[in-house]
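Chain lettering (A, B, C and D) follows the sequence in which the chains are written, and residue indices restart at 1 in each chain.
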Amino acid sequence: MAGSTYGTLFRITTWGESHGEGVGVVVDGCPAGLDLCGEDIQKYLDRRKPGQNQYTTKRSESDNIRILSGVFEGKTTGTPISLLVMNEDQHSKDYSHLSQIYRPGHADYGYDAKYGIRDYRGGGRSSGRETIGRVAAGAIAAKLLEKMGIRVQAYTASVGPVVCDPANFDEAYQKSSRLCMPDPEAELQAQEYLDECMQNGDSAGGTVICRVSGVPAGIGEPVFDKLDALLGQAIFSIGAVKGVEIGDGFAAAQATGSQNNDQCGTHTNHAGGILGGMSSGKTIVIRAAFKPTPSISQKQHALGKDGLVHDLAIKGRHDPLIAPRATVVVECMTAIVILDLLMRNMSARLETMLSVYGGFRD
Amino acid sequence: MAGSTYGTLFRITTWGESHGEGVGVVVDGCPAGLDLCGEDIQKYLDRRKPGQNQYTTKRSESDNIRILSGVFEGKTTGTPISLLVMNEDQHSKDYSHLSQIYRPGHADYGYDAKYGIRDYRGGGRSSGRETIGRVAAGAIAAKLLEKMGIRVQAYTASVGPVVCDPANFDEAYQKSSRLCMPDPEAELQAQEYLDECMQNGDSAGGTVICRVSGVPAGIGEPVFDKLDALLGQAIFSIGAVKGVEIGDGFAAAQATGSQNNDQCGTHTNHAGGILGGMSSGKTIVIRAAFKPTPSISQKQHALGKDGLVHDLAIKGRHDPLIAPRATVVVECMTAIVILDLLMRNMSARLETMLSVYGGFRD
Amino acid sequence: MAGSTYGTLFRITTWGESHGEGVGVVVDGCPAGLDLCGEDIQKYLDRRKPGQNQYTTKRSESDNIRILSGVFEGKTTGTPISLLVMNEDQHSKDYSHLSQIYRPGHADYGYDAKYGIRDYRGGGRSSGRETIGRVAAGAIAAKLLEKMGIRVQAYTASVGPVVCDPANFDEAYQKSSRLCMPDPEAELQAQEYLDECMQNGDSAGGTVICRVSGVPAGIGEPVFDKLDALLGQAIFSIGAVKGVEIGDGFAAAQATGSQNNDQCGTHTNHAGGILGGMSSGKTIVIRAAFKPTPSISQKQHALGKDGLVHDLAIKGRHDPLIAPRATVVVECMTAIVILDLLMRNMSARLETMLSVYGGFRD
Amino acid sequence: MAGSTYGTLFRITTWGESHGEGVGVVVDGCPAGLDLCGEDIQKYLDRRKPGQNQYTTKRSESDNIRILSGVFEGKTTGTPISLLVMNEDQHSKDYSHLSQIYRPGHADYGYDAKYGIRDYRGGGRSSGRETIGRVAAGAIAAKLLEKMGIRVQAYTASVGPVVCDPANFDEAYQKSSRLCMPDPEAELQAQEYLDECMQNGDSAGGTVICRVSGVPAGIGEPVFDKLDALLGQAIFSIGAVKGVEIGDGFAAAQATGSQNNDQCGTHTNHAGGILGGMSSGKTIVIRAAFKPTPSISQKQHALGKDGLVHDLAIKGRHDPLIAPRATVVVECMTAIVILDLLMRNMSARLETMLSVYGGFRD
């Protein structure tokens, strides 16, 4: 298994390379009876679409989704939903010089070491376009969660050294923000910082915070499939993520027990909504660190296939930072994890099974 | 699946509660032909054994491992290895007052919400004793990795606000350190900090760093089963972990691309040995944040099953901090992930398959 | 994964060799809230216990089950249930001559080819004792199914050429039958046939029929995890099974569509209760062919590790036929498959999810 | 998981309905470095293509395969291979009368019971077109197996009462045979039988035999993932299969041990190449029973959604028998199972791991 499938009951399989024919996903195990149309998915894809402003790659893709199966007369049927986006604006020739060189900060060397062959055009399978499948599937998961009163929302919490101030939060602003930041002041500073990075042929890192409200207590499986463990896998599986925190995260390691425990009657949420691997009923809070885009136009030293060091200034079209366009990816992976665990949780009690199957025989 | 199984080819299944008959693990898929005896496993278990000094719980358990299957004439046979540790020093009565109350910072409420029933004695399944199975299995994984020249080592990197200084590292010292710290000075300060916490009926958090050397490049599966994604799941699946970083982690989110890329010819390792979800050939570096032990003897407000708020001062025997005894658990989970991915990687290339199976038919 | 785990949500992991310390199973994902005691399991194990009459091996094992985890105050808690039977009556020396020889009809050669090492004592992992874990887990599954009105029952349908006649069926008789046959006349003839086989140092084959009533329609997942596909895997995974049929089985291949379709209003069940991989609501009927016990005391030609042909007369204690003791194994594997699919089926419809989770938020 | 994914390391995910946009498959885990072009797959698809002669449905589909990902410069890259066939010749209106009725012998009722919704056009997901994904994936598996000297071949062994005689086998003839039968005489008789069935508005059953040569000994995982168990699942997962045999199958249940054991030095293969769940090194022999096509134009009694019995004469375009077009499906599923187990087997021995990974560090 080359690891392109995720989930136990709500199971997604993504495929596609940056400069291949297209990218897509098969969603297997989607409950039957959900109203679903292309627009439900398109609106999520549009949030990650390239070419939207000066802080995203200039690659121009309409990223129109096609639903090829699993929906009949406007409703999901329980059979696999195949979703397809064709690639349009490939400039494959821009990448031919990369066939013999391993870009710093990229997976190029790993691919060659592993497979002995590599589609070097635009990052191949490790391109950001790989996330289209995740977002398309996640849009379905998010719609299902909404039916159960569960809402997943992510935003850019910091760009380089610039951090959003919770006091300035403006959810409406975030929707129009070029950087997906809910704090207008922070966004302005972030843009200045980014402009400087771009002038230097450099790139920036950032963090994303994702919040999930409405999850009932007890979701997540003790031991290996803890809610936080599966979120950890899901978020780390997004390219460029180098750190994940739940609730207070690393700050908790500096606190004492009396400071960190969320006592009854208080409104603290140090635990970020997860205790012992299960949801506690409070808002789930996840924080992810995205490294700066490794493709920079500054000259770098890169290893060649010939074993020698080469000078490399990366051309092609790249985002100067990853976090803003990744917010919707974080939301979608989170939605998929929580939906899958809700589905797995249905058989946790005999009592629930009897309530569901008792009806068949009276 | 209640999530007690982990791994694709090297697959472990743990079981057991703190105050049940015992705890154990079944290791399925262990390659045949490894020399294995109880002592190989016991030495790992002894590193997590309770009652070793004033900074660990006073529960006294010999934690003697029994190998019930899968080993014949001193070698693994390829069949499942069942490992068993009987519980000995349960003081179940100490916990009876907890049957009607949900301890802050614990999974108690989640268990009741999920299952409608809970073994409240000593944390039941969410006790630290659950890690015995992980460590026993991990000892086998680590021994297999050693045969391939791969070494996994973890240490306590900080206790509360006290951080180890890499300049003071003394690997030999760590072995005898009560807190698994390789920096003697930091350990002294940490002990002072802990003594103070314990006098206050409080507990402390800490971080663990784990380093893996010798992993060939290309290990890890692109997309969902990235090396860092599976490490993320594995480390977050250890109780009390609230944050995980690979390489520079959250610091990378504040760097620029030119700072963060590990250029060819330099000795930096910002990436922590993982790029695009695959090993790069450099040392793998993982950092985990452990929250402070939630069981504290200070009085807390706790929710009761009756829906009311109760005063609670937790009795029983608890570690004042989790990180030191967790170092071996982090090592073991890391070893399991890497071994499993090495096994999965064997079929990545047709060429390797032909080299293995070609021999059958000449 | 060496294939010792079975099931998606109700997941069992068996371990143990014939002449190792013991055999056992870990049942993960058992719904919480089921009354469960050792006796519930013991009564199933007693049905497969050796040494019961002249038609079973003389190995004398009490096969006492121990529940090591997952049950608290008489109820399942949702955590893994570890079940253990210690081995008692091993005569390992009886088998030492087999270390250098591959018995005809056995897996010996395959084990050596695969693993390069083999526990040759009593068949090692491929002994019939491996089924103890299946039966112990299946007893739990069967008890859960009973709560939902589902009943699984198997019997010996033929021994060599002797076939039970449905006209003579006596369910009460089967319980006391030495051969698990519900037809007293057929059993007498079967005993005569077996006596003759045993006098010749030979063994006999047989078939088992398993019937499941009360399964609601729609259980089973279209395509690869069809109900019949998973039953096929489960039944073929029992040692010595060489054929599996659902409903009319091979006879259906000789019928025409008009003969084979179960039309509405008729009482036929050619389909054996499964259509398109899902239960139809009718009784599920499975038939399994067991080959004759390959261990016979007649002299045979066997391949040696030295590459030469050796004469071999197998000593040790063996059943002259496998089918009767396998009836309970067939029942148990069937119960596990059906329970697992019932659990998986719970999230098939959004409507059911809303009925279960809607309650959390009002 | 709605069961549309199969395999552990070589993992396929199929999707698509008979009258949706198209059908397809994602093949994940295909080893890198295999030469692969559309023609490799097309030639397999052409063997199952409809409309080839009077004994197949008149639906006219070109079934042209498109490779959307995972192949670069003519070689597999190790990333998922997405394969797509668009639907062309749907006559959806032919099926509108089936929206309110459950066809005898079909999954219609099960779908409604399970999902509460059903794409009734042409059988929806349970159409024979679902096998296109299996065949496309299996073509790749078969090509990989060929590189290892393994050959998988299936043929129609019987049609209704007409059975091929091994004495008349003509492999070359089979290629041009309309019914995939290698015995010219039997084929003539079978055609007569079929002509009669069709005149009566009826359909016929049949059996398929599949033989695999060149599999090394030791392939297959003891216990649940036995080679025969996984073949059992794979073959039963093909629509209309009601029985599966390995080697002598049900006949073994009537033999004695001395008759059934394949002694050393003989050329018998009663075991069909599988012992104890592992390949023995001999040719693997599988036999599958296909029921007659349930869609017949004879008038039948069918249950309506209204709970009443309705007269039904099925229109639309249907094969009068399934076996011949299923031969390539049986081959493909068999190839997938064997390839996956070969891949899983690579880590069975430490020795093999060292031979593969030793090279990385010298």
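One rule holds for everything that comes next: a residue touches a chain if its C-beta (ideal position, glycine included) is under 8 Å from a C-beta of that chain, and two chains touch if they have at least 3 such contacts.
On a predicted model such as this, the values are computed, not experimentally measured, just so you know.
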item	value
Interface residue identity across copies subunit B, subunit D - same or different by half	same
Contact-richer chain pair (by C-beta pairs counted) among A-C and A-D	A-D
Centre-of-Cα separation between subunit B and subunit A, whole angstrom	26
Centre-to-centre distance between subunit C and subunit A (centres being mean Cα positions), rounded to whole Å	44
Centre distance in Å when subunit A and subunit D are each reduced to the mean of their C-alpha atoms	37
In subunit C, residues with contacts to at least two other chains	1-5, 8-9, 14, 29, 32-33, 78-79, 114-116, 125, 216, 222, 344, 348-349, 351
Interface residues, subunit C side, partner subunit A - complex	8-10, 29, 31-34, 76, 78-79, 144, 147-149, 214, 216, 222, 342-344, 346-358, 360-361
Subunit C residues within the subunit B interface of the complex	1-5, 7-9, 11, 13-17, 20-24, 26, 28-30, 32-33, 66-70, 72, 75, 77-82, 84, 114-119, 124-125
Subunit D contact footprint on subunit C (complex, rising order)	1-6, 8, 14, 102, 104-116, 125-126, 130, 158, 160-161, 197, 200-207, 216-226, 228-237, 239, 241-250, 252-266, 270-272, 275-281, 289-296, 298, 300-303, 309-310, 323, 344-345, 348-349, 351
